[in-house]
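What follows is a set of notes on a single structure, which appears directly below.
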């Protein structure tokens, strides 16, 4: 499933979704920047279409570059073994600090684990995904702040234990 | 899985199995609802081993990031190192000399054997075969001695560098490795008699912890757990990396009609066969070991990583370990994210446990070999 | 009944009790992450600590010795403290590896979720350095604990273990 | 006037017979049963360590001989656990212990030394073990927690599943030797293995194997479940020792019954008996008989140690399935065969 037909199919079904096409670093994997509001739509297409059938969300990672959160979806297909990388980005300084981003758990159920991790570490709330119970929780309940953000300041004290190096007397 | 004849339709007892429990291999919280002996529903809570590795990687300089990749999960340490090194080498466009690639293959296969032996020992312990557990641990010591001979450390070797390996492999090492491979092959036959083909073990592991291929597909499961369900995916053969190209690997797979498809017994069989393939790979790597320098970068050279990113796939002992390395040209990495294989196992647990008996909980968990420090990062 | 007292003023009954305590230390291991792999090897057959009378126990109420290994996160700290409280007196704690000694690789300036040293929540008797420490180091820590229990000043060796 | 008291004849005029038997039991417990069990605990740890290819306890005394002593002393002086035990599990726990240790009175320690030589002999033993298992179930049920209730039911199901084939094999052994009384059973068998009733005819051999394996289900493997819940919650030092001693004693009890029923207990070759009487008179004969009994019984106990430590262990529902579906019919077959042989014998 080469790049040309993939792009043409995407453009005709979801016009204007693909913002930019580039190579992923120095590897030959195709990376498509998708605008945030049509990510679910694009995910739907590339999974259902039986020539593309990218049905396995291999990796969903988020990173903060400057003032934007960039989400990288590495999607590959069991049938053809081909891989595609989708990119979505969202502005980080939103009022209330919680960035909202469309969730893809409806098309790829394995996204639950990745998304719940990103929710805790980056402070993102994924919209209208499957209503999964928060099975996989990483941090202590009621942890203040989102650790993987660049401007995160380490806590001074957690659970009454001072988060510092010097050895306190035996408790 | 649910044969309704065993239902007692009593009201459900809830069993809270806390982080520290003798049935669990690593701290996690399981709240099971059981109707008599049959587990009806399971909910899992993880996060107890969250160390914040990815944040630490962003603070430390590039040179120290390899040591942190070890600490992601100690029983599969070399794979995380390899993934990180390949990622950075792709960004810097650094050529890795063929001898270093072969040494990397030897190290990762040794680590795979020691990780699988640890899983077999855990399963033997959970079914009560303490003698087999101790014998497996004794053979695992031989592999750990080899890792120590090469790198000085038994678990997190911290031996790989960007562009190759820290030191060359001493010449006595190759012979000693071949000799250990022979003894381990003999020992595998010994496990067959005492554990694998003993009918009490088959009785304990048959139809226990059944994972269908659909569930494995849905949660994106890879590695021995997925091969036991018949899902054929191995990064070493599908997209060979770092010198695996000229080594032929026969990947073990549970055939479709296999009567043990997807249960705990098939997972153990697949792990034993993977040990055999790893030994075969070690022998081939030993033969094809070229002469040459072991690292294309002097240790004292400064590591400058230009802007760029890379996504690397590596076959760790638990499945596909992905590493997404992003650098913005600064002295410290911008973002290093690991796609850990045990996450799929943890996601599949609430659907695997129901239908099994309560006594089999430790057999299921040990046969799935969930590396919790990998899941919680 | 004033038993015969040795020069350190400890009666024979007390010496017998300390002999029993140091010779049968039943242990339970709180395993988190890396150093826990070394604890399974120490239990194994090459570096067997059952020679010193240490049997692994599955329940804290039966154990006298607690091995803490691996980085302890804030989420598991209350459970570790509960585990320690459940153990009956007299009890001892050996912290294996630099993560439990002082935070080690995950010191406070590098990690936000690892306690910098487990002695902030439970008192520790023996600190074993290393990341991960070798099984011999863990056994050496255990022998040091046996010497501490039997009240030998540092440097004095335990004769029974030395000769074995 | 048991032969043991022939040493000191003045005993008879001071103490009535029940006091003598009480002291007999007391001494038998202290001097014979408890040291034997501590040796068994030590050997089971050392042998299971050898099976695991490692060195067992080696620091305390020569080759770790006094390790059980150190464990015993340590457990005794440990401080009590915070939670005080509610009454119900305690009552059942001590009841179970008393039931088990009441069998000491009727253990036939040697030919003339069985203090209580009744017609019921073997059956009396068997029902006591079953009653003890019932008490274990109530210990589990009165524990109150779901896990306690669940494990108690599991123990009882396993015990009943083991008891049925065992009782049938006992009847079959009694059929072979004519009566349930110890002395009669032992008289049928001679010293050399050919005369042992286990190898006298194929049906007796089947009943011997069924008896042993149902003993494993009834008594041998129950230790895993006991150790897990009840005694830990209220695990004061003394109760832990009692439960460990109880487990070893129940194995010892079962192997003594097996030795007496099938393996020709305390039968000695005539020349040895005459030599013993020449040396020390009647008591010396008793002691050698006792020695012969305990050596045989010891090897059976080591089989239990091997099963516990070396091979993978079945789940408890597999054990009950195995007992009902395989051991039950086998024991009935043995009984039927034994009956046919007896009728054949009578017709002759």
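The chains carry the letters A, B, C and D, assigned in the order they are written, with residues numbered from 1 in each.
In the analysis below, a contact is a pair of C-beta atoms (placed from the backbone, for glycine too) under 8 Å apart; a residue touches a chain by one contact, two chains touch by 3 or more.
Not measured: the values here are computed from a predicted model.
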| item | value |
| --- | --- |
| Set of chains whose contacts include both chain D and chain A | B, C |
| Remotest chain, chain C as reference, centres from CA atoms | A |
| Pair joined by the larger number of C-beta contacts - A-C, C-D | C-D |
| Intercentroid distance (Cα basis), chain C paired with chain A, Å | 43 |
| Between chain D and chain C, distance of the C-alpha-averaged centres to the nearest whole Å | 38 |
| Centroid spacing, where centroids are CA-atom means, of chain B and chain C in whole angstrom | 29 |
| Length of the line joining the C-alpha centres of chain A and chain B, rounded to whole Å | 25 |
| Chain D: positions in contact with at least two other chains | 52-54 |
| Junction residues of chain B - those touching two or more other chains | 47, 50, 52, 55, 134-135, 138, 376 |
| Multi-chain contact sites of chain C, meaning residues that touch two or more partners | 44-46, 58-59, 75, 109, 112-113 |
| Topology of the chain contact graph, where touching chains are joined (line, ring, star, complete, other) | other |
| Complete list of chain pairs which touch one another | A-B, A-C, B-C, B-D, C-D |
| In the complex, chain B residues that touch chain C | 18-20, 22, 26-27, 47-53, 55-56, 59-60, 67-68, 71, 73-75, 118, 121, 134-135, 137-138, 140-141, 144, 153-156, 372-373, 376 |
| Parts of chain A lying in touch with chain C, wherever the complex brings them together | 139-140, 147, 152, 154-155, 158-159, 161-165, 167-168, 170-171 |
| Complex interface listing, chain C residues touching chain A | 74-75, 77-78, 102-103, 107-109, 112-113, 115-117, 119-124 |
| Contact footprint of chain B on chain A as seen in their complex | 24-27, 29, 55-59, 61-65, 72, 74, 78, 81, 85, 109-110, 112-114, 121, 133, 135-139, 147-148, 152 |
| Contact footprint of chain B on chain C as seen in their complex | 30-38, 40-41, 43-46, 58-60, 70-71, 73, 75-76, 79-80, 83, 105-106, 109-114, 131-132, 134 |
